[in-house]
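Take this structure, written in structure tokens, and hold onto it; I'll ask about it next.
Letters A, B, C and D mark the chains as written, and numbering starts fresh at 1 in each.
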Amino acid sequence: MSRINKRIKVKNELARQIMGEILGTFVLLLFGCAAAAQVKTSRETKGQFLSVNLAFSIGVMCAMYLCRAVSGAHINPAVSLSFCVLGDLAWIKLLPYSLAQILGAYLASGLVYLIYHDAIMEFSGGVLTVFGPNETASIFATYPTDVVSVQTSFLDQVVGTAMLMLCILPLNDKRNAPAPEALLPPIVATVVLGISMSMSANCGAAINPARDLGPRLFTFTAGWGKEVFTSYDYFFWIPLVAPMVGGVLGSIIYLVFIQWHLPEPEDEPESGEFKEQTKVMEQNNKKDELYHKISSL
Amino acid sequence: MSRINKRIKVKNELARQIMGEILGTFVLLLFGCAAAAQVKTSRETKGQFLSVNLAFSIGVMCAMYLCRAVSGAHINPAVSLSFCVLGDLAWIKLLPYSLAQILGAYLASGLVYLIYHDAIMEFSGGVLTVFGPNETASIFATYPTDVVSVQTSFLDQVVGTAMLMLCILPLNDKRNAPAPEALLPPIVATVVLGISMSMSANCGAAINPARDLGPRLFTFTAGWGKEVFTSYDYFFWIPLVAPMVGGVLGSIIYLVFIQWHLPEPEDEPESGEFKEQTKVMEQNNKKDELYHKISSL
Amino acid sequence: MSRINKRIKVKNELARQIMGEILGTFVLLLFGCAAAAQVKTSRETKGQFLSVNLAFSIGVMCAMYLCRAVSGAHINPAVSLSFCVLGDLAWIKLLPYSLAQILGAYLASGLVYLIYHDAIMEFSGGVLTVFGPNETASIFATYPTDVVSVQTSFLDQVVGTAMLMLCILPLNDKRNAPAPEALLPPIVATVVLGISMSMSANCGAAINPARDLGPRLFTFTAGWGKEVFTSYDYFFWIPLVAPMVGGVLGSIIYLVFIQWHLPEPEDEPESGEFKEQTKVMEQNNKKDELYHKISSL
Amino acid sequence: MSRINKRIKVKNELARQIMGEILGTFVLLLFGCAAAAQVKTSRETKGQFLSVNLAFSIGVMCAMYLCRAVSGAHINPAVSLSFCVLGDLAWIKLLPYSLAQILGAYLASGLVYLIYHDAIMEFSGGVLTVFGPNETASIFATYPTDVVSVQTSFLDQVVGTAMLMLCILPLNDKRNAPAPEALLPPIVATVVLGISMSMSANCGAAINPARDLGPRLFTFTAGWGKEVFTSYDYFFWIPLVAPMVGGVLGSIIYLVFIQWHLPEPEDEPESGEFKEQTKVMEQNNKKDELYHKISSL
């Protein structure tokens, strides 16, 4: 068993990471898009706008617990890009990570379509459209409202993704006052919930190019037609580009306004428990030296 | 007192575990079905669809804190089967566990019926039916929508339960980046909330044969008639069989795509705190040897 | 300063505990009743049924963090009685605790009335009544629905409070798999949320004699008249008596079905971390002996 | 890099703290006001009253993780004043902190206006007003209902802010039974959620002069006119003054009724884990002495 295991084990780190990102983004989108399908096709009798926000948020939590030990659980090209800029991810991995995330999102959209096929057919009367009261494209990708301009949409996505990075980076920054590492997934999920409750009115708070492009590609291949790309004046490029800008911007704001001014790890006492243990270790080290002296007598 | 205690104490491990599973599933269903009764009989004035999702989720949390030290708190035959496949539960215990879970669910349904007897009678006009605007069968067991096909229902339950296992297994996997053990119950509960908000539109997200069969048997014996089994083209078998398939499938996906590729506990440094302690212990062990040398001088 | 402090410090333990229970129950009811007033007087535009459930739940959390180091934060005579039965509270303290809780609830009701005086007057047209579409008595105390019988109400309150004790006792039971002690308040709050979402349709889920009698006494003295006691066939006695029965019953069920069968603390290995530390300590103890031998050479 | 970093690093502690408070309050208001804009301009189709409460709550969490290591994350002049009274903040810092908080709130309001500019224009018909069905001023600052008197508004804000301090102070009080330090942000956020669900019906639960004045100043400068200050009989002074009174009052109630009577840190055994570690350390200290004896032989 153990030997078979070793043979099967994917030894290439990048291959493992790609597998992790595919599965993680798959889980995120399965929760999120299925909730959107549930609310839409049940005509809000089995959930409301808030349910979709909550389901995406829980999807973030589940995806993070699933694959953060494997790939860091970026599940978002804008996050991967930010980590490249911050030096936490090799630039060479940015493209594979992003493609894996898009693939995971595409596959999840397909499965959501299978699960909700009957309901989508009933709701839409069999016509898969981007517009009108029976549109079902918004179950998958994001679309703006009629009143929002291109500039505002772009700004909206920049700010939303900047908030994501600005609020997530301190959670795991040892120099700041971080959250418990084992509880990062629900706390990051809560940040995402906050963004989707406050910045999704204009254009759906994608704040994640993979979360948007994967499902959009799926709807394109599954019968919604080229309108998924052309509608709203070719809106689709905004959730691809703006989050990349916003993610980096948010990361830089965190660095410039907060992190650079925090005490460096060594020039300040560490927090309680760790300190105790460090002391114990240091004392033990001293004793070790004494032992050696004694034992070398 | 202590001696009486020892006499009463159930020494047979399986008997204790059965007792734990009965009580755990009882608590899960009491919260869940009572919330369904509250929302239904109050005509959504005292809660909404989300309340029922939340109550089942909190039921999971309470059941887990109650009996996980006793029986592992499976409270779901699909989970028990998955743990058999994973080697964490003896196959011989699968049937007793499942029967205990069904019994717990049956008893909880009975108590919910007693508590909400007056309200159910008023709501239904005294006629306990599976169909129509005054149906009350869906307070207890799950039923599909009119538009969903058998194949889709089956897939829906497979996917829902696969997501359950896929998202729960990493939470307690030391080789992954697990959640704090003492906080597993609320985090597992959140996973269940996510599933019931995103995959309950088609056929109610049983994802648990006991959660469905127990209450269905109760309604059968309490006056809803044989329609609870025959309705929707004998739908009742789907939440019995599909979750078993889905649970195993989700577990295998976790193994194949994530766990097999995680570093083995010994060939990689462990996470912070534990590492410190291990080091302290190792150093102490070395010292012990020195002591022995010294003391044997 | 420190000396003044010592003079002011209430040295009598019971007096301190009474103060803690007054303030804790005050906080619980201030959150809960204010939320009820907000939802009622805003005609559900500033919150819904769920808000009241959530506010009572958050009130439990806040009250527990506030006074559990002082008095154990029972904030509920049914909980105090259960702890008397379990041997965790001296019987002599039951009456003072209960009276303190009722007083805290009374005072909070008064403050809620002051804060929402204008809104209550506007909503009720200046007539404070127990019945009708403009009734405001239910902001404070609980009242049953028209259809629920005395027996069902009694059972409802027994079951609700039994669930409370059954689900809370394992959270802090070292022999079980308890929750982190520092996070007990939000987890207990979640249990209370579950009960109020699933068992409040019949008669409002008081599950706490003080939470019900305090506000009822306030409405009696503040102008709602004696109907607060006489209405619904003298319903008021049910949330006083039934929770006491239910609390004890739930505690006994926990003891008989779970706790008695759990391994005793010493006859089973403790959980991970603690074990490590214990080992370190034991090793150190052994070393200490060796030291003494060596140093006494 | 490291040398550049050191040059850029703001060495003045107060300057760093001001930067932290600006950014923290900015994050709080961006979440909160954007959610208010989303709910208002979508006419409650993309969120409800509860969403705004939740978004402000998540804003508190994010702001605290972001800047509490820098500035303590007061993000509220009433909190800063309370900490001055409690001796945890130098009085000289009260004004800079407060101004920083107001500035952060002002900037966030401006950004929310930019993001929701198109939607606000569409909703209001291009006329920015404080009154009427198309008013948009309440997206930013708080306004009372028509029925509430000045005295009640003042009391409402005093009580709301007093509850804030009363419920937050025990969370971090080592002499009480505090919450885990790394989880203070979500728990404080939950307290704020409770207050905004139960005490926001009268006048919007500002409980924070900066949260109110910053956005009010923004609306004043951005075209809503002087009515933002003059409306409701110059209501604007109430959320400035009353929270300052309430914060101090709540702090004093906590001191007088709870903290003064808690055991002093040294005259009571510490909680489990810490105690173990302390013991280990003490034993090691003893050993150290022995070592010195031995090594000095």
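Definition applied: a contact is a pair of C-beta atoms (placed from the backbone, for glycine too) under 8 Å apart; a residue touches a chain by one contact, two chains touch by 3 or more.
This structure is a prediction, so every number in the text was calculated from the model and none was measured.
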{"item": "Cα superposition of subunit A on its sequence copy subunit D - rotation in ° rounded to nearest 5", "value": "90"}
{"item": "Self-contact between copies subunit A and subunit B, residue sets same or different by half", "value": "different"}
{"item": "CA centroid of subunit B to CA centroid of subunit C, Å", "value": "27"}
{"item": "Centre distance in Å when subunit B and subunit D are each reduced to the mean of their C-alpha atoms", "value": "38"}
{"item": "Sequence positions of subunit A contacting 2 or more other chains", "value": "50, 180, 183, 273, 277, 280, 284, 287, 294"}
{"item": "Topology of the chain contact graph, where touching chains are joined (line, ring, star, complete, other)", "value": "ring"}
{"item": "Subunit C to subunit B touching residues, read off their complex", "value": "49-50, 145, 147-149, 152, 155-156, 159, 163, 166-167, 170-171, 175-180, 183, 187, 190-191, 193-195, 197-202, 253-254, 256-258, 260-262, 271-273, 276-277, 279-280, 283-284, 286-287, 290, 293-294"}
{"item": "Residues of subunit B that touch subunit C when the two form their complex", "value": "5, 8-10, 16, 19-20, 23, 27, 30-32, 34-35, 37-38, 41-42, 45-48, 50-51, 54-55, 58-59, 61-62, 65-70, 111, 114-119, 121-122, 180-183, 185-186, 273-274, 277-278, 280-281, 284-285, 287-288, 291, 294-295"}
